[in-house]
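Should a chain be cited, it is by its letter among A, B, C and D, assigned in written order, with residues numbered from 1 in that chain.
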Amino acid sequence: MTSKLVSLVELTSHIQDGDSVALGGSFLHRGPFAVVRELIRAGRRDLEIIKQSPGYDIDVLCRAGSVRRARAGIVAMEGNFGLAPWYRKAIENGAVELEEHACATLTAGLRASAYGVPFQPIAGVHGSELAALNKWAELPDPYGSGTTVWVIPPIRPDVAVIHVNEVTEQGDARVFGTTHWDRIMTRSARTVLVVAERVVDESEFRARPELTLVPHFLVDAACVVPGGAWPGSCAPDYGIDYDAVRDYLVDDEDSLTAHLATAPESRS
Amino acid sequence: MTDDWSPFSYVVTNLARFVRPHEVTFSGVNSSFPMLACLLAKKAYPFDFTYLNVAGGVDPEPPYAPLSSSDPVLTHGTRSIFANEDFYDLCARGGMDLCFLGAAQIDGYGQTNVSCIGDWHHPKVRLPGGGGAAVMLPTARRCCTWRTEHSPRALVEKLDFVTASGGMHGVVTPIAVFVHDGERLRLDSWHPAVTLEQVVERTGFAFDAATAAPTEPPTEVEAAALRELDPDGVFERDAGLVL
Amino acid sequence: MTSKLVSLVELTSHIQDGDSVALGGSFLHRGPFAVVRELIRAGRRDLEIIKQSPGYDIDVLCRAGSVRRARAGIVAMEGNFGLAPWYRKAIENGAVELEEHACATLTAGLRASAYGVPFQPIAGVHGSELAALNKWAELPDPYGSGTTVWVIPPIRPDVAVIHVNEVTEQGDARVFGTTHWDRIMTRSARTVLVVAERVVDESEFRARPELTLVPHFLVDAACVVPGGAWPGSCAPDYGIDYDAVRDYLVDDEDSLTAHLATAPESRS
Amino acid sequence: MTDDWSPFSYVVTNLARFVRPHEVTFSGVNSSFPMLACLLAKKAYPFDFTYLNVAGGVDPEPPYAPLSSSDPVLTHGTRSIFANEDFYDLCARGGMDLCFLGAAQIDGYGQTNVSCIGDWHHPKVRLPGGGGAAVMLPTARRCCTWRTEHSPRALVEKLDFVTASGGMHGVVTPIAVFVHDGERLRLDSWHPAVTLEQVVERTGFAFDAATAAPTEPPTEVEAAALRELDPDGVFERDAGLVL
């Protein structure tokens, strides 16, 4: 079996201008941020970003002008950093189009793709103006309960990118702690890319195959970038680099350049 | 104790008081106050309840309260990881007893706006968005929210946008606690350092206050638990709340 | 926190006459067979059995006259034992009513319950007479693809019972190897019961919480029955006892009595 | 070799020949023949493919072939557990290239009955049921099935019940291999020890045999792989096939 391991540059080249890209993790935790920065270095444009709770990732991509559209549930820097400022500006000035979701409606759309069905019902939503905004359909229960339910159309990302703790040479991937929405993203996207903290021998995966989140055959390419979720956390390996986030948020032209140059993948 | 009850402590403590024995309670992203409230309830109250959080923790025992309410430290000591799809589904099927959800604007019906100030398509301010609110607010048995300012622009007559609608049970601000009576939010209690008139004046929607009274001051146990969670006052300073 | 651990008899008493019961595992593998036998000893009647691939469990329950209705995808002894003979007879002579599913349609019904929605779409089914038989509804895609999809109504078991490798005193449960359909069963049933090979210290669950299949708060009661999946397997602890299955299949009046008396829970 | 090509080896080998390079292939419960075919393909063919099985294994390296085709030994050496919901969803969304599914009756269109002999509501024989077939047959890219007897009651003009309908690609019996041409099953090849006339006579549905030929005998490598999988002939004896 041939190795799935490639360089970060090669991995990122699977993402083209105009692609819809699902990003793993949540807010400042275990996001595939090395790939996000590499997209900026590669000058990618017109991306559609799909994530229930993006923050740093979508903010830096908006700041670099790489985003055309966002499909998201909640967007913030979190930690104690408040709103995502460049994302906010991009939405307010119309540079980026937003499809606003509840996190679970985005998950429902991903499930529709993962389950191969034309729509996925979701509980709740009643009374929310998001339904009309997104032109979601409300269907009556054909089994006579008298209730109705909102159904979400399939969301099928061109690419899903996740950051994991460990990968095998063949591309099997596993994470420690919560999986966020990484599982459903890797089941709904056309292409799956994995960035890992480290490669481990396949014997370690064989010893505990229940821990594997993504089996090799679903993974198109993988790369190893130690610290790649910086400035966010990747438990249990490292926590949020609060100073780096603060530096990133300084609103001058040099801070983005400095930020990109300081990233772990630039240092290696 | 009453007069120097800080607005920060007021919000955290009153959120904690919504936690009930043997229930399943959840705190999410961007939710430092509910996170602290749940951790406070675990420390201060003499009953068992299940605390789920967005980091995947189930009754965790974190060594400290993290600045990010989705920090993996909130899984410390957990015996299981209950990840996002799982707790959303739990809520959707009616298994979540108490859910804490953020809000930028709240109306008298307990509906929330977390989407935008101004018109959605041309917002003056683009807000974070509701997270799970549009699904969780109607499906959780009870939801509670909080605002860090009590003003007519936070507690409004009419929302700029209805992000979520449904089972709002309680609202806590630095000076007041509202509880839903099935129709509308009614005032349950107010901060003993302000007057009822001040609460009325600073609230954008009309409310019933017939059964309201000054809020019971924090117990020694509640106060001690919060001191333990924020020993250096970092959360309190970051929040920067005023009465 | 109070212990969830009870005796097998007490655990089984959560299941009443007429209840619908989802059984974990698949065919002769990791089924909650000690509970199944205890149901027979307790004289339970009119049970509805829900399982994608039952075999020994539904067969022995039919043999004892405990079953009113079966909702299943495929029923067989497997191994090299062929059909489930007492189940087959019970269906052929009308003693037991069958709701025949594809395995994935049963899963879809369980998902509808787990997701809190009035129906769950499922791919495929087109051309199968199962759809008409079960009066499933076919809905057009409201998003204009021109396709239709079959939707399955909620299946909400009164009780789900699973057999696991390890449990904590508080009721957290984990399995090694495949989870079969145990996850969705424990998310869709009103009551969840767990039988485990052994209780382990909670520190072992804390060391690897990702392995936990069912967190304590979803579990109503748990008990420990070493060997409880006999005569089936519970990997990696033991495999199928082929001789015991062969003895069970002997068609005389004593073989069921002897079988029940030989079971691990009878010996302890 | 040709004359003594056992019907057991004929079925396993010809099922294995449907496996293609770099594809995702699945074998399920109650499916000893496909399990052996997939394991044979792994041993005998000089290409890579992903073998999923119902026990949750992904490209496992079992030390022996188990009597139960869902035995946990089929996860031996796997680097991941791909459990039931996961592989069904994979198939449903079009990610399964080749799926082996059982059948009691097969008609000329490649539809299958695994439910009953006689009327469904008052069956002469209640059969196991289709397992995943009603979902997998229409959604997998290709499905293949097998029958252990080649007779007009197995290969029928009209099914007693249509359990599943859809993407049937290949059918293997002890004496013949059929491949679907988009409309119907056509004969692809027949066991060199029988005649084409015998195949016609023993098949309940009409079929096109214009491009059919005697089946290529097993290669040394195929034969050796099967001997390795069934060294004592247990599977072959259990199956009890006749030409």
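Throughout what follows, a contact is a pair of C-beta atoms (placed from the backbone, for glycine too) under 8 Å apart; a residue touches a chain by one contact, two chains touch by 3 or more.
Going by UniProt, the chains are A, C = CoA synthetase; B, D = Glutaconate CoA-transferase.
In this text, all values refer to a predicted model and were calculated from it rather than measured experimentally.
Chemist: Just the number, please: Cα centre separation of chain A and chain D in whole Å.
Modeler: Once rounded, the distance between the two centres reads 40 Å.
Chemist: Starting from the mean Cα coordinates of chain A and chain C, work out the distance between those two points in Å.
Modeler: About 36 Å separates the centre of chain A from that of chain C.
Chemist: So how far apart, in whole Å, are chain A and chain B when each is placed at the average of its C-alpha atoms?
Modeler: 27
Chemist: On chain B, where are the residues touching two or more other chains?
Modeler: Answer for chain B, listing residues that touch two or more other chains: 56, 75, 81, 92-93, 139.
Chemist: Could you say which residues in chain C touch two or more other chains, in rising order?
Modeler: Those would be 115-117, 122-123, 177, 210.
Chemist: Can you tell me, using the touch rule above, whether these chains form a line, ring, star, complete graph or other shape?
Modeler: other
Chemist: Spell out all pairs of chains that touch, sorted by label.
Modeler: Contact pairs between chains: A-B, A-C, A-D, B-C, C-D.
Chemist: Inside the complex, what are the residues of chain C that reach chain D?
Modeler: So the residues of chain C touching chain D come out as 26-29, 52-53, 72-76, 78-80, 83, 87-88, 91-92, 94, 98, 100-105, 107, 122-130, 133, 177-181, 183-184, 233, 235-236, 239-240, 242.
Chemist: Which residues of chain D touch chain C in the complex?
Modeler: 29-30, 32, 54-56, 67-73, 75, 81, 83-85, 88, 92-93, 111, 114-115, 120, 122-139, 161-166, 238
Chemist: Under the definition above, what is the set of chain C residues touching chain A in their complex?
Modeler: Chain C residues touching chain A: 112, 115-123, 137, 139, 141-143, 145, 147, 149, 151, 153, 175-177, 208, 210-211.
Chemist: Enumerate the contact residues on chain B facing chain C in the complex.
Modeler: 24, 48, 50, 56, 58-59, 75, 77-82, 86, 89-90, 92-94, 139
Chemist: Would you tell me which residues of chain A are touching chain D in their complex?
Modeler: Contacts found on chain A: 1-2, 113-117, 168, 170, 172, 187-188, 202, 205-206, 209-210, 212, 214-217.
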